[in-house]
Amino acid sequence: MSLKIALIGCGMIGREHIERIQNRIRGAQVVAVCDVFEEGAKKGAEIAGTGTKVYTDFHEAINDPEVNAVVVTTPGAFHKEPVIAAIQAGKPVFSEKPLANTAADCKEIVDAEMAGGKHLVQVGFMRRYDRGYRQVKELLDSGKFGAPMVIKCTHRADGVAPDYTTAMAVTDTAIHEIDVLPWLVNDEWDEVQCIMPKTSCKAHEGLKDPQVMIMKTKGGIVNILEVNVNCGFGYDINCEVVCENGVVNLPCPSFPTVRYANNVSTKIEDNWILRFIDSYDVEIQDWVDHAVKGETGGSSAWDGYVASITADALVKSQTSGTFEKVVTGGTPDFYKK
Amino acid sequence: MSLKIALIGCGMIGREHIERIQNRIRGAQVVAVCDVFEEGAKKGAEIAGTGTKVYTDFHEAINDPEVNAVVVTTPGAFHKEPVIAAIQAGKPVFSEKPLANTAADCKEIVDAEMAGGKHLVQVGFMRRYDRGYRQVKELLDSGKFGAPMVIKCTHRADGVAPDYTTAMAVTDTAIHEIDVLPWLVNDEWDEVQCIMPKTSCKAHEGLKDPQVMIMKTKGGIVNILEVNVNCGFGYDINCEVVCENGVVNLPCPSFPTVRYANNVSTKIEDNWILRFIDSYDVEIQDWVDHAVKGETGGSSAWDGYVASITADALVKSQTSGTFEKVVTGGTPDFYKK
Amino acid sequence: MSLKIALIGCGMIGREHIERIQNRIRGAQVVAVCDVFEEGAKKGAEIAGTGTKVYTDFHEAINDPEVNAVVVTTPGAFHKEPVIAAIQAGKPVFSEKPLANTAADCKEIVDAEMAGGKHLVQVGFMRRYDRGYRQVKELLDSGKFGAPMVIKCTHRADGVAPDYTTAMAVTDTAIHEIDVLPWLVNDEWDEVQCIMPKTSCKAHEGLKDPQVMIMKTKGGIVNILEVNVNCGFGYDINCEVVCENGVVNLPCPSFPTVRYANNVSTKIEDNWILRFIDSYDVEIQDWVDHAVKGETGGSSAWDGYVASITADALVKSQTSGTFEKVVTGGTPDFYKK
Amino acid sequence: MSLKIALIGCGMIGREHIERIQNRIRGAQVVAVCDVFEEGAKKGAEIAGTGTKVYTDFHEAINDPEVNAVVVTTPGAFHKEPVIAAIQAGKPVFSEKPLANTAADCKEIVDAEMAGGKHLVQVGFMRRYDRGYRQVKELLDSGKFGAPMVIKCTHRADGVAPDYTTAMAVTDTAIHEIDVLPWLVNDEWDEVQCIMPKTSCKAHEGLKDPQVMIMKTKGGIVNILEVNVNCGFGYDINCEVVCENGVVNLPCPSFPTVRYANNVSTKIEDNWILRFIDSYDVEIQDWVDHAVKGETGGSSAWDGYVASITADALVKSQTSGTFEKVVTGGTPDFYKK
């Protein structure tokens, strides 16, 4: 069996996934594309190749009888409806991150999936598929290093668009660490605090950057996350896990070492697409491989909901400055592993 | 169009390629397997999946009308006949390295391919597909570093089987550098010298290990290659290119950095399969992508022949100790790029 | 002119300084040693060489007319009296860190020195003399990297004695970062918070370890310090300064890189003495060079007092868990640079 | 006892040693300086301080009754006579490298020292005092890595003066590796070969640069040395020792690691003075400490002679291109350790 995919939302990331699925993924094919702007949908179809159906109504695309799986790459505010439509159609659906822009919307998706009784939703947190994080997880799970106690991360980007807001440091940027770290150390967030250092002269008017986020897990691990989106020197993701017997660091991307102009140097990756391009391939392939078997892999709808709740607590702390609790109500049996 | 492959030779590397093509490669499928030992062929067919045809005669496999491409993974001494059979059948053929065990056999293949008038043969030197070598080549080709003058390589393996001979340090091991370095710096071998240091206590009786190979290109680049196949600490491939304005080093494989037991350390890869597993995937995919268009990529039959001539000169120098000339007679127009 | 030193307190660090001054320092000589235990004083004299005077009363030692400078290496609780005695004798005095065990005692020393009207006291915070910190300071002061915004430090030790307490993580360990960081970035502490992660299984009963200390400067720099004194893998000091245009990391101690047993590794230093042995030499030499000219270098009595106030705030936060203010009352003109 | 030194030759390196001895070395003092140019001698005396005697005749300086030790920092061609004069005066003498410019001159010094029957001569090969080389030697001598088999060195300099010749790549540059490597691995040179790669566009007219020197020891170790004195990116000394059980690399100089402009980088040292400034201090201190006890440390006159013989063989191979034997006639008992 092979996936016949309707892809909803033909913006930048949507078009990239079309290209990915048609050219680098086995066992899946984009057969229909949809965008509220017909022009956009047509561009997507052009990438997908001749014979691709073009829709402007996502309900029609999802319910096309040829379609047996859905990829949602609309803006976050417009994830909920197509994801729920896919659930109602009983078709596996891959939603780009975040699952939705509000915890309430995420909760609706979770409820819809539980009501349907089948695991159909996977959320596109691609870091769980990064080779480096997987290597770190394997080392941690080996037990050799003892229990994790402290984690230190940096999430640095070269620069951001003028409409990037202080809250987006959480909802767009830290959201990746919010998802990947509990997975990495098999734990759950308990409370979070956001501290504002001196703001960089590079941050545009009104933006607080960098930010330091202190995030405690229920098991007592303290994570310190530096979000720094105007660092000016590239896209620089680091993660150090301090355990009882040793410390494990996420590998940096692999580039030649160069001796030039009085320096020994190695390149820092330019941007997140290049940094995680391999992870996207692995992620989509894994989703396809699970979906053809009626399963899901990666982040679940519940994971997406928890990420949203955690982000809300961090955003609250951006003004309160104190620890804020992450209250999820507990994992439903449906989502327990 | 999609490749329907007959794979000839179901030993270890053959079975790996079957698994690779069936599970990780787009646009190709193993439809027939062949081994002189029926038992081996059946094992290969099992990996390839139901419906795979089983042959013990490679002529029959290659000439099966369903088959439109050939992969040769027999022992090196048995490459020539199936490769030439594929040429005569006008079907694209991927031969594992070396192209053949003797320069004379390689020459026969070259002559057969030229006689046929179509580029059909690709040789499995996978390093040209390694991401690190490609990054180095891109930096060198950028011109920023000026002309390469000296190259220093290590080819270290944890250990070798008891039947590994002094000559195999050239023909099995150095053969990879023999192929990849001229490609890396756009040059050709001119003369080579082999120097024998003190032999390691770990080398088995009769084996000279390590060996130092000095290899000059026509353009005057001096390459120093350390072959060291009983190093005892893993599979360790390094390559440093000294240019007029700077030095470029091949990246090491990417592993977490660990603080443990009074050391900051990073793993060295265990073996060549793991070190180059990504390259094999990229290589086979590239061959498939070229073959469906009636083209070849990677190393040509001529490259395979030149590698064989160069290896012969190095083996000669293992006893003479002096520089030996690499005489190829010049690249035929057919193979000029 | 040359320093004729009375060294007060012949314990481990005292004996080390005797050996250092007699053998590696120019322009100074230990001529008298003092310890309340005569046995200890005699051991010190043995290291100092024949002719060294032996005292058990520090007043006598300090006021010996041959003596023109004083080194105080008694336990911290017994620093105040000999330091003040030296001030009153008008002789330059080097006090090992901390200046005193309580802020009140430090304040008495500060007051005594201001009353005397001469700068006579230097406190033994040796990190200001570490080559690595000096290199980092030079880069920061160059302005190339813009303003510092975030600092991340680790202060890890292999293990600690059973009498090491939770408070000592501040007063004995973090005290070094408390002193060196404001000097490094030309700023002052404003408020500090101590967060307790899950405790290591290696920490003895009753000890909270590791600890995470969040320390803000008046200029808005946020420092995150991991104190981790049972890390089990050596003495591991790191410091990363995140600036507006780039990030600067303290160099690690220099050891050969080794390929062995499937790892590329570099040693982590065993303990603080070895890690900072060069700094001690530079520090004492710098003190001598200043003292012969009637000056002081390094950390002043005021710096020692501020460190004590800051440590008190951190200790308070170890139980409160919230930010605690660092209130010094402002630098007196006498200590302004 | 303390050394009262006459320093002969007040050029750049001479003046540096004067400053070093007066300011950083214990147990020694420059009391007399000598230069054939009175102006130069006076400049040296100015650095040495008031009361320093000024000579233009080295015999007078050496035989001044106040003088009890000699430092020779004349140009290499003028080492022999003052060194022999010091031997004849029975005074310990430190000669900058090389011991002399010809093997014949070196031999005369060796013969004079043996005739005198006392070890008086130390040659200024400072690398034996570099902390990194000492760490490597300690690891090798520990036996953990087994026997050394291959060594790979780079000796790279940013650029050279227009009068630097092809032969000086051996006599001025490689001379350091010629001395330090046999000491490092407890072996002796047997035969050497010089190979000329393509010449750098940065090398001035007539200069062959880079050069690759292949140097075998009597024990069968093969050393590959890249001399590259127009590398353009700093002063870059590397040394990798490949042993039976592992590989040991000389540490690079310690500088902060910096993230800036899309690179993670560490500085390469600017020049040899900065790279080895610590070694010079340790070397001169060690000479002083030995000399006051009537002993010598570091490189002996015999070592200086052997270095000269080896350099001659390498220079010969610069034109012959083949292996040339290093014939010393065997270490006299007088110099055996």
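For clarity, chains are labelled A, B, C and D in written order, and residue numbers in each chain start from 1.
By definition in this document, contacts are C-beta pairs under 8 Å (C-beta built on N, C-alpha and C of every residue); 3 or more make two chains touch, one makes a residue touch a chain.
This structure is a prediction, so every number in the text was calculated from the model and none was measured.
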Chain pair with more C-beta contacts, A-D versus A-C: A-C
Chain whose Cα centroid lies at the greatest distance from that of chain D: A
Option in C-D, B-D or A-D whose residue-number contact pairs overlap B-C by over half: A-D
Cα-centroid distance, chain A relative to chain C, in whole angstrom: 45
Distance from chain B to chain A - Cα centre to Cα centre, in angstrom: 39
Between chain D and chain A, distance of the C-alpha-averaged centres to the nearest whole Å: 59
Contacts with two or more other chains, residues of chain A listed in rising order: 231, 233, 245-247, 252, 259-261, 266
Chain A-facing residues of chain B, complex: 23-24, 26, 131-132, 135-136, 139, 144-145, 245-261, 266
Chain B residues within the chain C interface of the complex: 231, 233-234, 236, 252, 259-268, 270
Residues on chain B engaged by chain D in the complex (per definition of touch): 146-147, 149-150, 152, 195, 197-202, 210, 212, 214, 216, 219-222, 224, 226, 228, 231-233, 242, 244-247, 322
